[in-house]
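As written, the chain order gives the labels A, B and C, with residue 1 at the start of each chain.
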Amino acid sequence: MADTYVLVHGAWHTGAELEPVARALRAAGHTVLCPTLAGNRPDDDRSRIGLADAVASLVEFVEANDLRQLRLVGHSYGGMVISGAAARLLPRLARLVYVNAFVPQPGESLNDMVPPHYKALFDTIAAANGNAVMLPFAIWREAFINDADHELATSAYAALNPHPYRTFTEPVALEQPLAALTVGKSYLNCVLDTALPASLPWHPRLSERLGLFRYVECAGSHEAWFTQPTALAQAIEAAGRD
Amino acid sequence: MADTYVLVHGAWHTGAELEPVARALRAAGHTVLCPTLAGNRPDDDRSRIGLADAVASLVEFVEANDLRQLRLVGHSYGGMVISGAAARLLPRLARLVYVNAFVPQPGESLNDMVPPHYKALFDTIAAANGNAVMLPFAIWREAFINDADHELATSAYAALNPHPYRTFTEPVALEQPLAALTVGKSYLNCVLDTALPASLPWHPRLSERLGLFRYVECAGSHEAWFTQPTALAQAIEAAGRD
Amino acid sequence: MADTYVLVHGAWHTGAELEPVARALRAAGHTVLCPTLAGNRPDDDRSRIGLADAVASLVEFVEANDLRQLRLVGHSYGGMVISGAAARLLPRLARLVYVNAFVPQPGESLNDMVPPHYKALFDTIAAANGNAVMLPFAIWREAFINDADHELATSAYAALNPHPYRTFTEPVALEQPLAALTVGKSYLNCVLDTALPASLPWHPRLSERLGLFRYVECAGSHEAWFTQPTALAQAIEAAGRD
């Protein structure tokens, strides 16, 4: 079955970092696109861009490419963006796939779902950097890409870009809970993911907000896009198929 | 070591659907039997048959075959049935093995252990169908056989049969908690199982009712009998051996 | 990268039982030492030796061998010992690695972290055996080495030695929480470990006491040293590397 996928990156990433997974999905016969959201492009104004801008850029991308029967996959922060775009894109959607991704309730921001010490850390970084935030390397290495060796942890970190903090603080615009949206939903959980602490986890805390959903697991950390691209592509296919 | 196993199916199943796993266990040298419980046979009266009838049919089967040093394996609803039969079969038992199965306390019914929305759903279905219940395909596909492709999800669903609801609502007859039963006990958890939600899980919520028990894991969903029969057979052997 | 590891055994073990894992790490180019702690040596006085003695024996071992850039790995009870030794060895340490190991808060004993029925059991055994405790075979077989066959479960049990109970009851001497210690920290969790019950688990209950830490998983039970030595060695390397 040849399906159409759009992979939506997380904070600090662009679509380019998802290409190894996209290539593996294309090798299985699928059409796969990896746009870079507003806010993470080279010349974007990080001081200004918020969640609504990122959502609008995704909606525009899907409509401009006239995509249909779409499997819309969001990673991490990308879960905020596909959630915000879902209602507007509904007639074009076959399924939403959350990959260790945030699942907001109406009116929630990403910051409403993270531990207080993350919010405190990023508040400080944003205040000192014109509202752009970077992830300190120590946290990246230990808690985000815990399954990489030091060389990969370092090279992957070098690919990241400063992230517009308003996308973390701005509430999502949702008219109803995602559980009420009549579209297929899957949650893919990378079992070594500790980007959120196990005591405040992705699954089942956030996944069960989807109502009836399909649960899939994958090896690897929050950054399995770098460390386990082939396994992650297979898991995305198991999550995204009919 | 050649052991004797009886595999006890879950709701909506018969012994026939367990045959792929049984064949893999037989290939490892074991004797394996897969009876179909009262209530799930073609001509059984689904309006009337309850848990005590299903338990009696299992006891009768084991006694009629004069099985000894038996590893009695129950899947899902089958956990209610092996629990109800255990005390009567005790001299014949080497070990009880629960495979993502219900472990009741004395006086509990299966419905006492499921989420309220399952009970509400099945109450409605039973009322409209002469006390027989079927599992809606959407729930089957997303939450029970989440690791299958669409073709296998569909063909496996076609093998199911209407289930007598009194086996869900009738309390089990137990004289003492299963933890007090002096027989080996194992709990086998298929790690992708979402037939019960992760917030109200099989393990450790139900497994720890066994007291001292052996924990084993397997790949796959609640329906690993269809999707992972070889892995499941190996895990049952690891759970069932001395 | 050739690193230096010291593997610190758990209760009832000596360094000898860790040798299969040590050999696999040495085959990957590392220097690996497996001392036996005070209290578990053949002629040690089990009635007298406590946690401070075991900690002192580890500090002495590391200093006598003048080890530097050390990856200090503690298993189970060994987590108490590396925790107690860490501050004194700090200039020599590259990283602490806890393998299903106890992570104490200042002033806690091992017994403060186990289920009440374990404490009651060991109190009774210690009182009857001059303050030395053994682990009953049934608990060992079902809850500690659940992934072994009966032959390995039996032969591994024969290698154990009586353990000095004062190392379980004596509080650890820590000047500050381990989270405040400026050294790399990893927690390695063997996914079938049921030596502590899943409702009172190693991870995240104890692991998150480390503050920022790297999480790694491995196949196998609490006794993966016997059942999964190659996989455990690879996981220790993933946990211990920079």
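By our rule, contacts are C-beta pairs under 8 Å (C-beta built on N, C-alpha and C of every residue); 3 or more make two chains touch, one makes a residue touch a chain.
Since we're looking at a predicted model, the values are computed, not measured.
At the interface between chain A and chain C, two copies of one sequence, fewer than half of the residue numbers in use appear on both sides, so the contact is built from largely different positions.
A turn of 120° superposes the CA atoms of chain A on those of chain B, with the angle given to the nearest 5. Centroids built from CA atoms put chain C at 38 Å from chain A. Within chain A, not a single residue touches two or more of the remaining chains.
Taken together, the chain A residues at the contact with chain B in this complex read 184, 203-204, 207-208, 212-217, 238, 241-242. Partner chain C is touched in their complex by these residues of chain A: 138-139, 141-143, 146-147, 149-150, 191-192, 194, 197-199.
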